[in-house]
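The following blocks contain the structures, represented as structure tokens.
Two complexes come next, and they have one chain in common, chain A, joined by chain B in the first and chain C in the second.
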Partner chain A sequence: MKDNAVFTSRVLPWVLLLPSFVILLVFIYYPALQAWVLSTYRSNLFLNTRNYVGLDNFRLMFTGPLADKYIQVIVQTFVYGALVVGLGLSIAMVVATLASQNVRGARIYRLLLIWPFALSPAVAGTIFLFMFNPDIGSVNQVLDALFGIKPRWLDTPLLAFSLVVLASVWKNLGYNMVFYLAALQNVPKELGEAAAIDGAGPIQRFFRITVPMLSPMTFFLLFTNLTFAFFESYGLIDIVTSGGPVGPPPADGAGLTTTMIYQVTLDGFGGSGNTGLAAALGNVILLFTILITLLQFRYGSRRVQYGDN
Partner chain B sequence: MKQTLALAVALLLSVATAQTTIEFWYAFSDAPRSGWIQDRIEEFNAQLEEQGMDYEVTGERKGSYRETLEAAALAARQGQPPHLVQLFEVGSQLALDSGIFKPIGEVGGIDESAYIEPVINYYTLGGEVNSIPFNSSSPIIYANQDLMAEAGLDPEDVPETFGEVLDACEAGDAAGLEANCITFPLHSWFFEQWMSEQNALLANNGNGRDARATELLLDSEPALRIGQFMADLAENGWYSYTGTLEDWGGSEAIFANQDAMFFITSTADAGNITRAAADNGFAVKTGLLPIPDGVERNGVVIGGASVWLTDGHTTEELEVARDFALYMTNTENMVSWHKLTGYYPVVNDSVDALEAEGWFEEEPNFAVAFDQLLETNANQASAGAVLGSFLETRTIIGEALQRIYNGADVETAMQDANEEANARLAEYNANF
Partner chain C sequence: MYRRNAWILHAVLITTVVIVAFPILFAVIKATQTRVDVLSPSLIPGTQFVENVRNVFLNANLLVFMRNSFIAAVAVTVGKTTLSLMAGMALVYFRFPFKRVVFGLILLTLMIPIQVLVVPLFDVISLQPPQTFAEWWAWISRPDRILFQPAEYGFGWANTYAALIVPFLASATGTFLFRQHFMAIPSSLADAARIDGATPWQFLRRILIPMSWNTIGALAVIEFVYVWNQYLWPKVIIRREELQVVQVGLNLIIGTGEGVEWGYVMAGATLSLVPPLLVFMLLQEQFMRGFALSGGK
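Showing the complex of A and B:
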């Protein structure tokens, strides 16, 4: 197709971009800037105080008696993020591939698989909380009947952590599936057919054709899922575990399911309202996100295959 | 955005009712207690109407105590403060420092001598009463007498010390009792109470009452005794909880389900637990909060919550708000409040009224709370600590107890907790 849509005016593109810019400016850039300013102040939500302290908030996090806590929180956020993204995308890709097969009732399966998308993190958390309640939850009733075991999902540190990961993966599954299903529509059928003629089995076709052809979408979903893990996991974690329980040593500096964003709300709203410290931690998350994004574009994008190349 | 929304809502409301609304924010989520408040609001509004006053009190539940305080602070910053806010005792210093509240002493019209002494003491700082006492309680032990009998224990002999609790647990094990020994919410509140019982301060400078507290005392001898009790329970698997910190409902469910022989919780649950025991068909007996062995019982901190007036309203609005709070806590209402919940009736007259009608003979489970109150020595330990970072401190203590439950060394856990709590306190104090 010949690309003949040319803007004749130099002003028009900017005018068309203006609405997006205004929204970004007001709701993203300006608050982000304010968070940076706030992180250099000792500021309290209840007292409405604001004293300039330079980098003291960052020092408080990384040196002294609180360092163990914050470093643990950062490490476990990365583990949580890696699991949510890794498991989430793998499962979504496999399930989407299966759901896009031409079988009877495929539309219904797809619909059922996508619906967690519509849930808020808090609702997803509540569903898991009910299902995995150690005493009355349906999961333990089944496990008890079959194997005579009743795992303590919420107070055994590793189980609680796994449960939060599982709930997050499930919550994002619908979202990831929608994108993968759409992307699968664009994978040319001939590729699969040609490979099948050449003797490639279904598993080989999945890894050699589907996975590479979906890579642009994976690249995109990587960011959205990471953003969820870093910035939006609060509601789910608050409902399921409230950030606890404290892990076994050496991970006993903080609740094992306390992610950075959960710690931000604990500092800013949960205690005596140390908003300066909360802003500082928020900025640490932002820095990590920027860093990962840069690394992704630098190294990850090489492996992304766009169909029309 | 939020302000515009709030404005829009406010406009809509003002169109719907020409009356001035007096907003009361409270923290109860259960039907009996929030229903009781709503009933009082309706009665008071009827009185206002009779007097031809153009005011209407509205009550709104704002979540937990923590969330209620946050909501009030944010609303005040946005210029839309409610008139009355129910705040828990540990938020007192924070509320005072925030400057968004108006001490009731300044508005006047409150008779301090009418209140039970330990209660009014908690809310008096620097000689001024800050808030109107409302729901006050202390922790007691509830025993499932059926399970005690099953364990071969005398069901009338409820344990009074840590040692007696441990002995009873051992007896339960020996008798092959299926239920666990004891449950209580993993909550710093109990730790604070156990400190007071040992006449030990939680923070320096007289629990923060002589001057602003600058250091916590979480690694002191009395504190370690409490940690050791937790360790003893954990080591033998005698303690049961849901795994979540501060899960009141969870522990109550464990006890109501007969999955634990003993339950330590607030006197305020006496009503709920008595009802649950009746529903599930077991006998329950209450006892004084068990304390460490070999210490003299100093008494408890009469904690709970009080009602604060917020600044930024006209004097007349504040007076109506105050009148409502005083109506809600008058003699007659405190009698019904106590009977419903087990919270202390905070005015002396209502205690007399309950005695006169023979309530305590009828309901010995409710009487234990009063014995505990009468046995409490009035000193700085039992007045309770005031510190700005009390909320963080509570989480830190809760996590330390959880660590001990998971097998950590008691002394190390408490020292770490103390360091962390001191860092948070220093951070808070640096605001001034």
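Showing the complex of A and C:
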């Protein structure tokens, strides 16, 4: 790497860095430290009491009467995340590949596929809440007219969970499509043409050429979609199901659509106001996030390289 | 390509385009219907759009929610882009001690999503600052308590714009994007500028910024959409309706009881999509070149 550092001022670089640094220190690093401090206290927001309890909050999450709830919440967050990532990325990859074919109107198709890029989780949730409302929602009115059924989308546990997954996958489609379509522009056309001449069918070309060529982008999207499932999905879930409904045993410790971050806000700002437990769960999520980021750096850098870059 | 295959391809693509668009079109159509039609599965556009919009704007406070979101999103977008540009410039064009450490500390925050900090950040933002000099002095003279005990003082920013803006002004993503972009600019350019006697400020204004529009545009899209779509943090820190942002505001419009005015809600959802969509459409080219094509790296 050539050295670009041509300016010699001693003070100026620090002046340029100072604002960013102060903000990160005060609003990221200090709260991150405070998260560990708070997690060693048992507190009640409303009684305004606070006692030092060491690692008791962490112990409570994994053993004892509350463990069922917290382990369920952790497991279902990962199941939800896996579904959102798995379904979302495979659908987006197939459709983006089709839209990148030499087909008439490809530009228009691409534009029509990416325009909901900026869709928010809360708006996606609002629309789905209305569409799937068991009594007045259009989906049930159509289902009732056609088959005489009115599924209770919002209070049947598995249906509610599926609905949240469906809404999430749909919400992310535009976002994923933007990145896959951009990545596909960089795949040299000759590769596919050469493979076609050698007799590879379209499905073979997809799995042997497109999927490997897209793998760096897939790693990036894996990470952003998982971040969505862990954190940004909060707005969607809050609006559609408010974390409920409680599942059948053994998943009866918490609402089936309660993700880890949802549980954090329930503990931290909900009825119990137990900020210690909320901070402890926040730290557990943080550890998962760090683990996933490290995995991404580790495997994401193993890029598949063809062509001349 | 065989004609039959082309037809299948068109069929699949049209189906996907419809699936992608359907819920949004559904919301747009419902936003035009009367109170009765809204509750039917009818997808025939009505004539009540202006009426629904006026109601949701004025009676349900949507105008206020959107104004608040707009202020926060613009402030964060401008501030974050500026601070990231400054930090990126320092990291690439200057030689100073501990550069790698500083870069590492900025990059490390990529692993700490602000949402996991919602509980401690709430304290830091909402607790009142020290009121008297004596209190302030007692606080500052015990750094061990500041660090290792639950925070006693904060900024007192609950229910303010500052709470929605200031914590988000610095960005590891932005700094990283600018650093990567600057490092890809040939160093001969910086050398030439220095030999010609350009000051760092002139170099920034005449060369760096004009060469960085793609990165600036990409970052603007990412940040505007990010702030506009925020839900969890505003819901927690803003408890006064006249300061609430649009995403949480939509949920307030839905309300809790029966008798939701779904026509208003759908009009609100539709209108709330417009600003980020406009920003994305306007800066789409820059976004593609400055971010998406590089794989967000």
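In this text, the second predicted complex is superposed on the first by the 242 of 309 C-alpha atoms of A that agree within 3 Å, B and C clash if a C-alpha of one lies under 4 Å from a C-alpha of the other, contacts with A are read in each partner's own complex, and residues count from 1 in each chain.
Following the convention adopted for this analysis, a residue touches a chain if its C-beta (ideal position, glycine included) is under 8 Å from a C-beta of that chain, and two chains touch if they have at least 3 such contacts.
Just so you know, these numbers come straight off a predicted model, no measurement behind them.
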| item | value |
| --- | --- |
| First (chain B), second (chain C), both or neither touched by A:G271 | first |
| Which of chain B and chain C A:T49 touches, first, second, both or neither | first |
| Touching partner for A:P249 - first (chain B), second (chain C), both, neither | first |
| Residue contacts with chain A in the superposition, chain B compared against chain C | C |
| First, second, both or neither for A:R152, with chain B first and chain C second | first |
| First (chain B), second (chain C), both or neither touched by A:T63 | neither |
| Contacts of A:L173 with chain B and chain C, given as first, second, both or neither | second |
| Contact residues of chain A, present in both the chain B and the chain C interface | 269 |
| Residues on chain C engaged by chain A in the complex (per definition of touch) | 1, 5-6, 9-10, 12-13, 16-17, 19-21, 23-24, 26-27, 30, 39-41, 83-84, 86-87, 89-96, 102, 105-106, 109-124, 147-151, 166-167, 169-172, 175, 182-183, 185-187, 190-191, 193-194, 200, 203, 225, 228-229, 231-232, 235-236, 247-248, 250-251, 254, 262, 265-266, 269, 272-273, 276-277, 279-281, 288, 292-293, 295-297 |
| Complex contact set, residues of chain A against chain C | 1-10, 12-14, 16-17, 19-21, 23-24, 26-35, 37-38, 41, 43, 50, 95, 98-99, 101-104, 109, 112-113, 115-124, 126-131, 136, 138, 141-142, 145, 170, 173-174, 177-179, 182-183, 185-186, 202, 216-217, 220, 224, 227, 230-232, 234-235, 238-239, 261, 264-265, 268-269, 275, 278-279, 282-283, 285-286, 289-290, 293 |
| Touch list for chain A against partner chain B, complex | 42, 44-49, 51, 60, 64-66, 69, 134-135, 152, 154-157, 160, 241-242, 244-246, 248-249, 252, 254-255, 266, 269-274, 277 |
| Of all residues in chain B, those that touch chain A in their complex | 66, 69-70, 73-74, 77, 94-95, 97-100, 241-245, 253, 257, 259, 388-392, 395, 399, 402-403, 406-408, 416, 419-420, 422-424, 427-428, 430-431 |
